[in-house]
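Have a look at these structures, which come just after this line.
Here come two complexes built around chain A, the first alongside chain B, the second alongside chain C.
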Partner chain A sequence: MSIEGQPTAGPEEQGTRPASTPSTRRAVIVGGNRIPFARAGGAYAKSSNLDMLTAALDGLIARFGLQDERVGEVAAGAVLKHSRDFNLTREAVLGSALSAETPAYDLQQACATGLETVVGLANKIKLGQIESAIAGGVDSASDAPVVVSEGLREVILDLNRAKTLPQRLQILSRLRPKDLAPLAPGTAEPRTGLSMGEHQALTTAQWKISRQAQDELAYNSHRNLAAAYESGFFDDLITPYRGLSRDGNLRPDTSQEKLAALKPVFGRNLGADATMTAGNSTPLTDGASTVLLASDAWADAHDLPKLAAVVDAEAAAVDFVHGKDGLLMAPVFAVPRLLARHNLTLADIDFFEIHEAFAATVLSTLAAWEDEEFGRTRLGLDGAFGKVDPARLNVNGSSLAAGHPFAATGGRIVASLAKQLHARGSTDGRPARGLVSVCAAGGQGVVAVLESL
Partner chain B sequence: MTPAQPVILGEMPSLSKLYVNAAAQAARRRLLGTHDGSGLPAERHEVRGVTVDVATLTAYQHLIGETASDVLPAGFIHALAFPLAMSVMNRDDFPLPLLGMIHLRNAVQQLVPVLFSDMLDVTARVQNLRGHRAGTQVDVVAEVRKADSADICWRGVSTYLAKGVFLPGIDKPSPAPARADFKAPDPTAIWQLGVDTGRAYAAVSGDFNPIHLSVLSAKALGMRRSIAHGMYLAARALADVGPSRGDAFSWEVDFDAPVFLPCRVALDINTVQDEPGGGWRRSDFAAWNPRSGRRHFSGSVSAL
Partner chain C sequence: MTDKYAQLVNHGLGRNVARKLGLPQPAALRRYQPGQPLITGPVLVQGSSAGADTLATELLSWDLDVRRHAVPREKLGAIILVLDEVERPEDLEKPILVAGASLRDLAPGGRVLTVSRPAPEADSPAAAAARQGVDGFLRSLAKELRAGATGNGILLAEGVQVTSPGALAAVRFFLSGRSAFVDGQFLKISSPAGELSHNPEQPLAGKVAVVTGAARGIGAQIARTLHRDGATVVLVDLPAAGEHLAAVANEVKGTALQLDITREDAGQRILEHAMQRHGRLNIVVHNAGITRDKLLANMDQSRWSSVININIVAQLRINEALLGSEHFRGAPRIVSVASTSGIAGNRGQTNYAASKGGVMGMVRASAPLLAAVGGSINAVAPGFIETEMTERIPFALREIARRANSLQQGGRPGDVAEAIAFLVSDAAAGINGEVLRVCGQNMVGA
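And then the complex of A and B:
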């Protein structure tokens, strides 16, 4: 199948595939485990990030018999993080049934955190530094840190340094009533003051994404996720927690009519163009996910399954601050670069997992890839990058239905896609391929290619 | 002898009512003379279909340093069964005064993990009335089963001392063998316990015994300051042992000097393995006042 505007570079001009270069080896995905995602203020309202990450980790340990195992390394993170959780992942390891001699580190790349932990640990396995690893992420919008005002913070720190009573009284006298008001965390971009939804509303308008297309994508997300639950797809991917056994945001009975009846919540200052509703945007969510990675040798020695290989990944960032590109459009640039490195086109991908921050994010991404001029002027191609077959997109539902606990989304996607790829096996005599694309705050994005085993 | 029929209560009794009732009973006995029996009530008390409030569970887990998993901490089950245990000691035919009893020892067997979503049948009985050099001691046995199951998941034996109470026919044992002097090891942890420690544990356990709540309420009952709940301390030691204890374990603690609040408590946890490099067998723990060196409690968590 030929794709309009596919990269012109032939195989002889591309480097050899990193996965097959002799100096590295393969990193495989053994499986994953997550807790169901809950709407903020719901079943996990009182659970901390540490509680949820430990719950997801303990489910993974139980599923793959990792009690007392010294795993090569564990990496996870949270986007909304309390300062007391500076060593969140290591604390979760210490609270889990893993060997206490398992090292761990925290990582933070906004919503790409979960996928980046998979990429970083897979690379360590490929380099032979470790044999096994657990990647993960967690976020709680319910148990978010609340920050004291700058005025109060400075007074507290100065008080700590003061030596005499008069000094302390002098410092205390600086306090003003307004200093006592706490600051709740927001999702506004520090440089623009716009929320993520407002940023996306600008991109949505730029790419003229219709309300109907957004609602249809949201409807498909709920329908696909509900079908995946019904077919038992998540039976070996999820451990119940706090009474939830399915994602709390899932609405199996939603309809396009119901979605069409919702009022826009973002971009209302754009007048007639306001199309983004609570139905086609992801809600604030609590949850955690984990993915078990290994070398072939380690997986074989432990008699564990090998679902898929982590082939390669690419990060990108866009200059969104003054509107050159939309805040969540970095994957638009990362995917063409990643596929070009492997001499692949969109037609060579069997499953697309494009994180649904908003329905319009996915649709804007697809629109940019289908745009001839954008392909020429911004992606450096001969024409449009290509078209994604809707039947291959988010086939088991995505964030609009499941919810999006920021750092936990990458692990949710990778574990589900690896299972889906393994079930597909091969396409036209080659391993089935999947693409993961996650956009992130700060105008960033991380994308990766997985291959079935 | 066939065991007596259980007294089935419709719901978990209210601890605050039991404390009030105990105070009234103490006054009554003061007026009418002490209880003349030297036997224990044979009936066990039972509550069926007990459910757990998940918010209370989470608060308990966070307070004592357990991760908020769906499995009930062994100490949480103790707190869950405690009102029923109190109701047995609150009976008119129970020979010892409930108020002012001292918790000497606690032994728990966690046989099967219990999830917060499980419906539970809880029973409690008293046994083994016996002498002590300072008074009379008794064991309160609580058992927890999953609803409509015969298998015990959790069993706790709490030993209490009625100080200064000597009952006819119960021998005072010869003086206890002198305990080996406690020599404080290097601590593995230091706990900073604030004045609010007792109130915080009361809020998650439901045990609002005034000796734990404030200096004033403790003084009213003859204590010089409020003291930490013994089961709060023991539960924190159990949490500190961590996940290596597995799903089934026994957890024993002997209480020595009370922990007056606020204070610092030094803790040592010593892990014993099957063989060098082998699996976990047991963790022994001891806690003491780092200034005076007096031991507050000691015990162990062992594989079952």
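And then the complex of A and C:
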């Protein structure tokens, strides 16, 4: 893999980038911090997105001694967001121990928000626009915005514009009792009316993913996450918050038997073929995460560690509206494009971090990559894209165990993977490589490759 | 954590009632604030030795108002009795009685300081008697002082002059508000090592200090005090205490290291963090500790072993790693937090007292190892300190513990932190292997 400015690129890796790629420098991951993720309505029920993002930032600042530091830029976002939080990230910066002269912006790309902040800020560093950055994301399913009905909203706005009392009374007379009921935030896709789980149930059935395989993946997620906690892996990745020091969703004592006993919650119209349960789907979760990015020079000048480099990223989208592909299958297309750009195959990846929106999402993705016809007809390859070694998949657990506060998942994955890659160091004389894949609402997906330092 | 009784009897009606009823009237202690003068009022230096003269001259150079003879009815900031050449018990009479005549003139928050030599090092029984006499005298006098005044003693080992850096640093510490809750104690200066700071407001400037158990209470205050004195602080606490740890770290602009100190590699992890982030490690404060109180008859294995492991075994292991490293060679300083429980014992605390006794044993035995690399190791033994931990003691018991010292009040976390900040300064390098009590002269123990 060729990274401009990195002296160790081997001869066989040269010339694999398009000639048009401008000369850039490296963006490195220094480390990360997140708060433990809590099940919705749990430990963070009374915490706002701003509270949680600020807490995650402050933990990062404490870990790396960034008090009063003017960071190049901070970018974060939330999927479920109050309109009052129009400047969420900047407000979090102002509430943190960072210099008040640190600029910030909000970004939103559904569940890919967190990863996209990493990608965007890493690119700014590579281009030399900034020397340091903090990427992040936060979501609260507990403190979700509640919206008034369209009827009430129109009445309120019209009242504002009315000038006389009769006008106001006439407008008020339009109000109907049903207009007073608040609307809870929906997770249904606007164009299909189906929830994400119902969409995945269609894909799960299409790829014939078994209940047992899904439960096994969920079990591994809990087992791996619990083991990572036990080994102290998260000691420098997590700062406790509101009495929680581990992810609230983690069930270290779960078993495949317990998971097998759960009733299906999605795709119930499939009857006996319904496979998706609360155990092999992610729960609604609250949490926040941050990642510290830097140029080599900035990290060195601040005596900070360099765990991994952000090599490259790719976004994709699928036409799920017309049923051409499943809602959460965009990474299936993004990954082959990204790896091709670097002359890599799945066998060249040492650690896979495939976000577990549902166990079946991961398994459908792997099934598509292993399918010869899909490889030929949809990916434009000679055959199947390839196989992911299960031993390299989500080795420190993923969203099924940790939970999934939508915009915070990308930061969780990137920081953990960077640490894992750094611990592995080099493999076969080359840096260890990691792949991050995050699916998102709207049929989107963002994927990225990291490399150990 | 507030001492409501002390507030009550220090103001208006409460003060009058307490005085008439003869109730204890704990004084508001004179505590150090950056920028404040070392001491207000003249300093009377008593004693006829050459040491008394040189000390008086030295204090003049600190811009203090120094008296060699008392002026009747002039309020004194401090009385220093230099008794470094007493040969026989009879030699004590004159300087002590002259000083005694001035005691009524000692200002609130005043200081009495003796400077003498350790009895065990005396070359005659009479000299040893005179020296040991200073010990009994000072401890009794400290109990007679009122209004937040304290009495302490400096012991100069053979060959250590009163003008040695360690002795002068100790004089400065005891005169200052930094020693507010140290009373009736002796501190030995065992070597002429050390260097007085050119910057008394920031004596730890340029130093990198690690504080364990820094998320709360005394540990958090130690971090704040070392930072105030100029050090860059690495704050260590359990991963589960990370939220408080991060808040304190951001407050003192240090770095948080979430680490269980009982891990086998804790010393290595501390060193790595300090070296990578800050390029050096100068100071380690072993503050992390727990209590798991139970009468011995009811003591189970986990209560005993967790206290021993965290309070002493972890410190031994970390010190071993530090002393084995080439990065801990440049005049390193270690201070461990012990406890008066480890000196006098405490019902229900056999495990805790064993661990804290262990800390003091370790400190004494490690002194030569630290001296070999130009460093020092000492312990601070707090008495009753107002913390979240002591807040949980039942009310009546807490009141007794609080009042059972010469200052009739509990100390503050900052009082312990001040003593530690003093002991880790380069000026105090001549103090090695000592245990300094910060207990307001607690009635229990020595």
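The rule is simple: the second predicted complex is superposed on the first by the 431 of 453 C-alpha atoms of A that agree within 3 Å, B and C clash if a C-alpha of one lies under 4 Å from a C-alpha of the other, contacts with A are read in each partner's own complex, and residues count from 1 in each chain.
Simple rule for what comes next: contacts are C-beta pairs under 8 Å (C-beta built on N, C-alpha and C of every residue); 3 or more make two chains touch, one makes a residue touch a chain.
Quick caveat, the model's predicted, so the values are computed rather than measured.
Superposition model on chain A: chain B and chain C are shown in a clashing arrangement.
In the superposition on chain A, contact is made by A:R63 with chain C only, not with chain B. In the superposed model, A:F333 makes contact with neither chain B nor chain C. In the superposed pair of complexes, A:S48 makes contact with chain B only, with no contact to chain C. Of the two partner chains placed around the shared chain by superposition, chain C is the only one that A:L304 touches, whereas chain B remains out of contact. Which of chain B and chain C touches more residues of chain A is settled by the count: it is C. In the superposed model, A:S245 makes contact with chain C only, not with chain B.
In the superposition on chain A, contact is made by A:G95 with chain B only, not with chain C. Of the two partner chains, chain C is the only one that A:G232 touches; chain B does not reach it. Only one of the stretches 94-102, 130-138, 292-300 or 382-390 belonging to chain C overlaps chain B in the superposed arrangement, and that stretch is 382-390.
According to the touch criterion, the shared surface of chain A, contacted by chain B in one complex and chain C in the other, consists of residues 55, 58, 68, 97, 240-242. Interface residues of chain B, counted against chain A in their complex, comprise 54-55, 58-59, 61-62, 67-70, 116-117, 242-244, 279. For chain A in complex with chain C, the touching residues are 55, 58-59, 61-65, 67-68, 97, 232, 234-236, 238-242, 245, 303-305. Of all residues in chain C, those touching chain A in their complex are 235, 239-243, 245-247, 249-250, 253-260, 263, 276-279. Remark: chain A residues 46-48, 50-51, 54-55, 58, 68, 94-97, 100, 240-243 touch chain B in the complex.
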